[in-house]
Structure formats: C-alpha cells, structure tokens
Amino acid sequence: MKHTLNIWVIGGDLRQVKLAQLLQNDGHAVHTFGLENTPESVCEGEETLMGVQRADCVILPLPVTGDGVVLNAPFAKGEIEVTHVLDALCREQLICGGRVDEQTLMLARERGLTVHDYFAREELAVANGVPTAEGAIQIAMEELPITIHGSRILVIGYGRIGRLLAHRFHVLGAKVSVAARKWSDLAWAEVFGYGVEQTDQLDGWLCGYDLIVNTVPTRVLDEDRLRELKEGCLVIDLASKPGGVDLQAAGRLGVKVVWALSLPGKVAPITAGKAILNTVYNILREQEA
Amino acid sequence: MKHTLNIWVIGGDLRQVKLAQLLQNDGHAVHTFGLENTPESVCEGEETLMGVQRADCVILPLPVTGDGVVLNAPFAKGEIEVTHVLDALCREQLICGGRVDEQTLMLARERGLTVHDYFAREELAVANGVPTAEGAIQIAMEELPITIHGSRILVIGYGRIGRLLAHRFHVLGAKVSVAARKWSDLAWAEVFGYGVEQTDQLDGWLCGYDLIVNTVPTRVLDEDRLRELKEGCLVIDLASKPGGVDLQAAGRLGVKVVWALSLPGKVAPITAGKAILNTVYNILREQEA
Amino acid sequence: MKHTLNIWVIGGDLRQVKLAQLLQNDGHAVHTFGLENTPESVCEGEETLMGVQRADCVILPLPVTGDGVVLNAPFAKGEIEVTHVLDALCREQLICGGRVDEQTLMLARERGLTVHDYFAREELAVANGVPTAEGAIQIAMEELPITIHGSRILVIGYGRIGRLLAHRFHVLGAKVSVAARKWSDLAWAEVFGYGVEQTDQLDGWLCGYDLIVNTVPTRVLDEDRLRELKEGCLVIDLASKPGGVDLQAAGRLGVKVVWALSLPGKVAPITAGKAILNTVYNILREQEA
Amino acid sequence: MKHTLNIWVIGGDLRQVKLAQLLQNDGHAVHTFGLENTPESVCEGEETLMGVQRADCVILPLPVTGDGVVLNAPFAKGEIEVTHVLDALCREQLICGGRVDEQTLMLARERGLTVHDYFAREELAVANGVPTAEGAIQIAMEELPITIHGSRILVIGYGRIGRLLAHRFHVLGAKVSVAARKWSDLAWAEVFGYGVEQTDQLDGWLCGYDLIVNTVPTRVLDEDRLRELKEGCLVIDLASKPGGVDLQAAGRLGVKVVWALSLPGKVAPITAGKAILNTVYNILREQEA
C-alpha cells in the first residue's frame, strides 16, 4: 500500500467525487469516468474508458446500478451501460462496487471478473452508522417542538444503528429506552445506562415517548401500537424496505412518520465518501497480504 | 405555591401558549388574552381584559413589546397597546414580562406597577442555552457535508452558550477547541477535554476548522481572520447584535455565515415555554418567602 | 414469574448472600445452606439439606467448585461435598450454577440432573463487565501518580471488557487508543472516538502510553514490547490465565504489572449478586415459556 | 516567555519535584533547594541558597509553611526557616508561593518582597478540581460494595468540585442528584441532566442514596440528616475545615464517613505539579505583558 496506484472511479454521486479527491490527495494516479457534471471539478475526467486497462483498481458506484442495466451515474453526461464498463475491465484488476446486485455479479462472472462489494463489509456498515445516526438526530431536531435534552425517546432495535443512536440521544440529555429481543442486547443497553424493553412486550408501554426511532425491518409499529402513542409523538423509521411502520394506519391516526433511507449520502456525502475510501484500502491491503 | 392561583397569560407566541397549558395542567385557573389565533386551542380565551383584576399573577410576553407601544402578540386578532394592558392591572398582582424595555418599565411605574423581568434571570438564561445549543447543532448538521463526529470545531466564547455547545459537540465526537480570554475559562475548557486558544491570539490558527461557532458579541471574525478559513468552513454566529462576524467581508470572500438569533422560540417553543414557567414559579416562590 | 417460588441458595460468597436477600425482597421463599458464617445475617439458614426436595429452583455458587469435589462455600461452617448436594436434588427442579466444570456436569448427569450455567450466558458476561471495568479504573487511580484525565491509555482487545473500559476512560477525559485485529472492531472504536491500532502492528508504537490495559488472553505484551514502554507506564492485565503479559520479563525490566482477575466479586459483590439474580430470572422465564 | 529563565524551586513535596522537572524539560535553567531526599533525582540540587540572587523566578511550596516559621519541605535534609529563604531573595525576582499565610506575607513585606499566591488563582483551583474529583471517585470505588454505575449519588454543592464530580459520576452511569441553594446552580445541574434538590429542603429526601459527597464547608449533614441515610450509605466529605458532616453523630449512628482533604497532592502529584507549572507560567506572562 505504500506505492502509487492507478485508480479509476467510475460513476456515482458526491461520495464518489470525494473518494476520487481523497485518493488523489493520498498520491495515487486517479482517473474518473461518468462524473462530468459534478458541482466541483474532479481530477482527470476521462472522455472514454480507453486507458482503464492500465488501472490497478476500479471503483464502481454505490449501488452499482438501480435496474441491473444502467450504471448509477447521476453526474455522467450520458447514460452508461454496466456492460459497457465491464467489457473494458480485465481480470487482473481489483474491481470494487457497492451493493452489487445478482445481475451485475453474473455479467461480471461471464467476463471472468470478480467484483468486491465494499458495501457488504462490516467496517463500512459501522462507519455509515454515524451519518445515519446524525441524520436521524437532525430530523428529530427539525420536526420536534421540544429539545432532545429532556425528551423521552424509544429506540427500537439494538444493532449498529440502534447503538450509535441511543448513545447520541443519551449524551444529548434525552431519557433513552431501548427495545430489543435478545437478553444480551438488553444487557448491553442497560450497562450503557438506557431503560430497556422487550420488543415483544411493548404493547401498553408506548404512550410515554416524545420520539420513537425504529431500526428493525419488520412491522414493529402496527396500527394497535401506533394508536397508543401520545399526541405529537414523532416516529422516525430508519428500517430498509418494507420498513417497520404501518404508514397507512399512521396516516389515518394522524401520527407523523418520517421514513428516512440512505441518509449517509444525503446528510454527509464527504464523510460517506471517506468511509468508502477506508474500506477500499482495507480490501487492497487484504489482496496484497 | 401549593394553592391554586388565578393567572392571566397575555400576548406572546407559541411559548406563551405552552406556558398557559402547563399552568393549567398544574391546576391553576388560567385565562388568556391576545392568543386567539393560535394553531391549537388554548384554555379560556377571554374577549376582554375584564376580570384581569382578580388575577394573582399576570404574565406578559417575551419581549413585552417590539416598539415600546404595541404588545408583542402575533396570535392576537387585533393590535393591543401596552398601555391598554397596564391600565387594567393593579399593584397587588405579581406582573412578569420578558426582556422588559425602559419605556414599558416607565409606563408601569407611572401606574404604580412593578414588572418582574423573567428573561433577566440567570436560571432562564441557562435553561434557554439548551435549545440555543441544539439549534446551532441542527444548523451545522443541515449545512455541512460532513458529520459532526470527526469534524474540527472552534467555539468562540465560553459563557453559557459556549459551555453547552462545546459539551454537545464533544460528546457527538467532534474535536472541539474553545477560544476565550480568561485563564479560568480556558482552565475549565481544558478540564472538560477541549483544546484551548486565547481569543487574542487566534490569528494564524483558524485554517484547521470545519466549523466555527461564535458566541461573543464583539467583532471577533474580521476580514483578516475570515480570510484564513479553509474552503467550505461554516461559520455560525449566535451573538446578539451587532454580531461577531464581518458579514460583508464574508460575502466578498465566499464564506458561508449563518447568523442565528432567538433560537429557543424557533426550534423548541415547548421547551422554551416550560423554561419560562419554571422561572415564573421561582419568582412566585421568592415573593411568598 | 409472577408467582412465589421456593428457592434454595447453596454455598458461595457475598454475591450469593446478596442474591438470597434480593430473591427474598422479591417475595420468594428463600432458604440457604452453606452460608452460615456470613458477615450479615441471611434469610432462613438451614442446618441440613432436608427440605431442598421441595425447592422449585436451586442456585449453586460461582464457581460451583474449585477442585471438582468440594463445593465453593467459604462461609459454610464445614466442608460440603458437591455430591452431597447433588444427591439431595431432583430432576424436576431448575438447578443453576456458575462456571460449571466437566466433573460436576458428569456427576449431575449420573443423577439425571441438568445444571444450567448462568455464567455462560452472554447477559451475565455483559453485566459483569461493568464491575470489571470499574475495578480496573480503581487500580489505575490507585497506582498512577497522574489523573486518568489527560493520560494516554491503550486498551488491547475490543470485546466486552475492552468496550466498557475504553468508554469509561474516554468519558473521564483520557486520550484512549484501542488495539484490535478485526477491521470491524477498529471501525467501532473509531466511531466512538478512540484512536485505533492494529494489534499485529503495535511494535514501535508503545512508548507513548501512561497506562496499558490488556483484555486479550494471548501473550500480547512480550519482552520486546515491554521494553518499549516509557518509564512509569502501568500495565493492568485483565486476561484470564495464562494472561497476556510476560510477567518475568516485566519483573526484569522493572515494569509494574497488576494482573487482576475475578474483579466483580471483589470490587462490587452486591452488584455482581444482582447480575446473577437477573440472569437466573431470565433462565426461569425461558423455562416457563 | 520564549527565553530561558533561571528558576529556583525551594522546598515542597512531589508536586514541586515534578514542577522542577517540567521546567527543565521546557528548557529553563532550574535549581532546587530543600528537595534533597526525593525518591527520584532532581535537577541541580543546591547545597545552599548561594546563587539564588541570580534567579529570575523563585517558587515556594504549597503551602509555603505549616506554622508560619518553618518552610514546608518534607524532602529537605534539615529544617529550613522561612526567613532564611526570604532573606536570600531580592525584589526584582518573581516570587511565587502556594496558600501564602499572613505571617509569611508580612515577613516578605518587611524585606520589600512580593509573594504571588498561585494557589489563589482561579485556573489552578479549576485544574486541581480534576484530581480532587478523581480522588473522590477512587474512595467511592474502594469503599462501596456496588458499582458507581447504577448507584444513586447526591453531590452537595455545585461549585468547582461539585461540577466536576457530578459530571464524572454521571458519565460513569450513576443516577446523580445535585443539591444547591441558587436557582441558577440548579438550572445548570438540570441542563447537564442531573436531578436537583434545594439544599435547604433536603430533610426527608436523603434515604434514597448509596453515596453522598459533600463539597460545602458548612454543617450540611447534621445528626438529623445523618439519621435519614439508608444502611450502608457512604459519605465522602471534601469540604475544608470544619467540614460539612457531624462526625461524632456519624460515629454514634454507624454512618461511614471519609473526610478527604488535599487530594491532588496525594492521588496525582504529577498532575498537580503540572497544574502549578501552568499557573506560574500564566503569572510570568502577565508580569511581562
């Protein structure tokens, strides 16, 4: 990892732009393709994929594609097909991409290529937890007419996001409870000073909260539970599809729900780009070892 | 303070609405005047000031008036003159108001009335520090493309707001420095784990920050210092008029400055209303003692 | 778990004494055996094991035995054999014990008994992490001529104890670094604001610390690494046998090492007894479900 | 302050030893007198006071003397009289001492000397608050059979020590309440997330605590209040003479009280020496300005 690499960053949003800049700052020879229309100028934008053959490492966007066909490249001057990119790569290169779908994996395999999914790595998930947690705090501050300090907050789920969130609300002075299923998760929540609830036994205990943040991708907040919430209680759902809240019931009951997905790229693209950088470096280190 | 009081809340914004509700929750007989058009219904809105003579306690808004003539009452159905209110009060009543101006004090004195300024009390200033600090954090989260976690932040001034802010940024994972003049303030900042800078000697040390929050109402950030900031550094000015930042220079230099005043009523009116309530209760306790 | 149980607490140290008291406070019918000589009187001490047949639940000590033969019962008036106890129990009872050894398991199996090991449960391990971490802090405060605040501390290992320790040192104002092997552990340490080091690559980076706390049960601090420590650096080893420090080398080099084992029962027997109580309750709940 | 100074450190304990070493590390020419028998060798120990005339700055111990006659110099090989030292100094020198008594001030004045009291300075008091707070935590950890985490703690007084202590207990996971007299102190305690009590109205509210730490030098804990404490409640008194606890009543009632004075020099002499260093530097800077 001491030497200078030839790296291509292809497609993506502000995170990839930042990633390219950071790679260049670290002394690598960086080329970009499909980032033409970015707000700030990026290093050595290429007109074509000619020259990508000489790359040591190629970094595809997060996600690589939305539909399995077109590369996710909102800043490109035109549409780029995934196959157009894959056709230009060779098997000696380290190819990385984020949230790589089955279709792309298959297309790569057909060409003898391996795509390493940086988004599947634990350390990126942890690092992304920070902007997600901050994004949720920002939403809570924007929506609630009370301060986080002194408010009563329930965090459902005690995985990565749950931990980072409960910690932040706690240090900001909120009275935090955590709902989880596993005794060991509840034990962790307790040693960090939060109140604890069994997720199964939440019925009848939801009326005391000013804010409920869900991180669990199963229907935890159904109509019956939503009915319990006190007036003005805000619900933030961070769970990926299908989400953990019955949105229709919430609408009928007048409960305000903010379903917030993909926060890192939205609230802190630079931090998110840096997290991808660190993960790509880890992949490179492991390949060399 | 155990007994039931007859309390009138006259004019004001959402904070006064909340104040009235909280007083009623505590069992007092509450009447309002000049809060007709509030978004939510308020307890016993009166058409006139008839009956205010029977009040034990009268609470005027914050500020009482903007121009010394008209009561600050954005939810009133018509304009209310300060003298109209004062004429209806009597000297046995406990009269409270926020940020009471010289003109109002004089008008009151002419009628033999004393107006206690709840905004002048230290405990309200402290309590208001929390929504101010959270408001500043919200702005930082909204404006910056990086997370608070890991960012380098300078807080100028270590009074009430400076303390609450530095603490919050620190626990959210930022690298916080505090600039102050007094050795003892710097000693406090140090024992809480922040970096410290002499405000007089900031020149040449400003290029490392992602965010600078000023809390000092003197021109701390003049053109020379603004010129030092690194690209993308955000400045939040919490200082009351005339503020601490040379806004024209900032404009010329392309430095983004958010001058944020009166945050408590904007970001957390309910919390701010509750803080007024506690202060009024303290004034009542002292009158009784 | 709503009903009253007949519970016997047999043998053990102050933790079991506290456990018995807490069970009684919760309304259960509690009997003890082998806790005769405790400093404070315990509920219904029995002379013999007669009557233990009627117990719903029997709680053996932590560990059950030191040598596989004699029950761990420092407060008993005489020696009690493990088989003497097991012979008196019946298979319908819920039998719990701590750190149950192979020999005891076999003896129990021969009698058709199942012994549930409360010490093997994750939630007890987490709860015990708190007194362990506080015990380590106490040692550091006693031994070091500097404050925790401002000192540079390396925590080796980021499992349960490592997490709880790093957190505490950090909030007390120390500059904390964490050494771990897994990228994801390092990512966690980073999002909580600590410096990070790869355990494999510590050589050459150990001279800056005032305190090193090891939590990993492999020889992490060998002679070469100990030689790097700056004068006066304290080493606390929390790893179970064989420990992580070359004690002989440390002796030769004049490095002060405190090898601290089994802290919970020593520094906070009441808290430790309560943690066992909660775990036994969880086992009971699961049996009923 | 950029130039090299000639500094004499005369008498004192481990703090002065450390102070001398730190001054030397900073490049000053340092001489000591009355520190002969220190555990570790100190820079340029002098046999006599000859040469002290050439000193730019002379630092006397903390306190300068216990009885107004003999210098506080436990590491000296013989008794040193205060007048012996003062006779050797001249008025152009910056002379500093800690907790300078009336008698010494008078003796100095007679010789035309001014002694600057570093202990009287706010920034030293703040810095000393850290080792004091850590010392109190260490005592609590040593004496209590429960963890700080989860325990209920009352801190009486919200001055320097009270603030630093309440903060530390809070972040270690205790449930902290603060008792104070002023509304603004209570407001501060509240915004930092602690429970609050009026010191005047503590009667009847003391039975819930596991630990009470007093920082107020008036008799706050008299017999009636001590009688309220629950069994096993520990009292730590940090108040200077006459202390805040009726020790005789405590003895009669079997309440354990630890009266802990002068903790900085005992628990963290190096940190305490460094704090004196910083303060002396501030005095020097002010003299130059």
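Structure notes:
Which chain is which? They are A, B, C and D, in the order written, and residues in each are numbered from 1.
FYI, a contact is a pair of C-beta atoms (placed from the backbone, for glycine too) under 8 Å apart; a residue touches a chain by one contact, two chains touch by 3 or more.
The structure presented is a predicted model; accordingly, all values stated were derived computationally and were not measured.
Copies chain A and chain D of the same sequence differ by a rotation of 180 degrees once their CA atoms are superposed, given in steps of 5.
The greatest centre-to-centre gap from chain B, using C-alpha centroids, is found for C.
Separation between the centroids of chain A and chain D, computed from CA atoms only, is 50 Å. Chain B has its Cα centroid 36 Å from the Cα centroid of chain A. Counting only residues that touch two or more partner chains, chain D has 130, 149, 173, 191-192.
Residue ranges on chain C touching chain A, taken from their complex, read 121-124, 126-127, 129-130, 164, 167, 182-184, 186-188, 190-192, 282. Chain A makes touch with chain B in their complex at residues 14, 130-131, 134-135, 137-138, 141-142, 144-150, 168, 171-173, 267-271.
Taken together, the chain A residues at the contact with chain D in this complex read 149, 173, 191-193.
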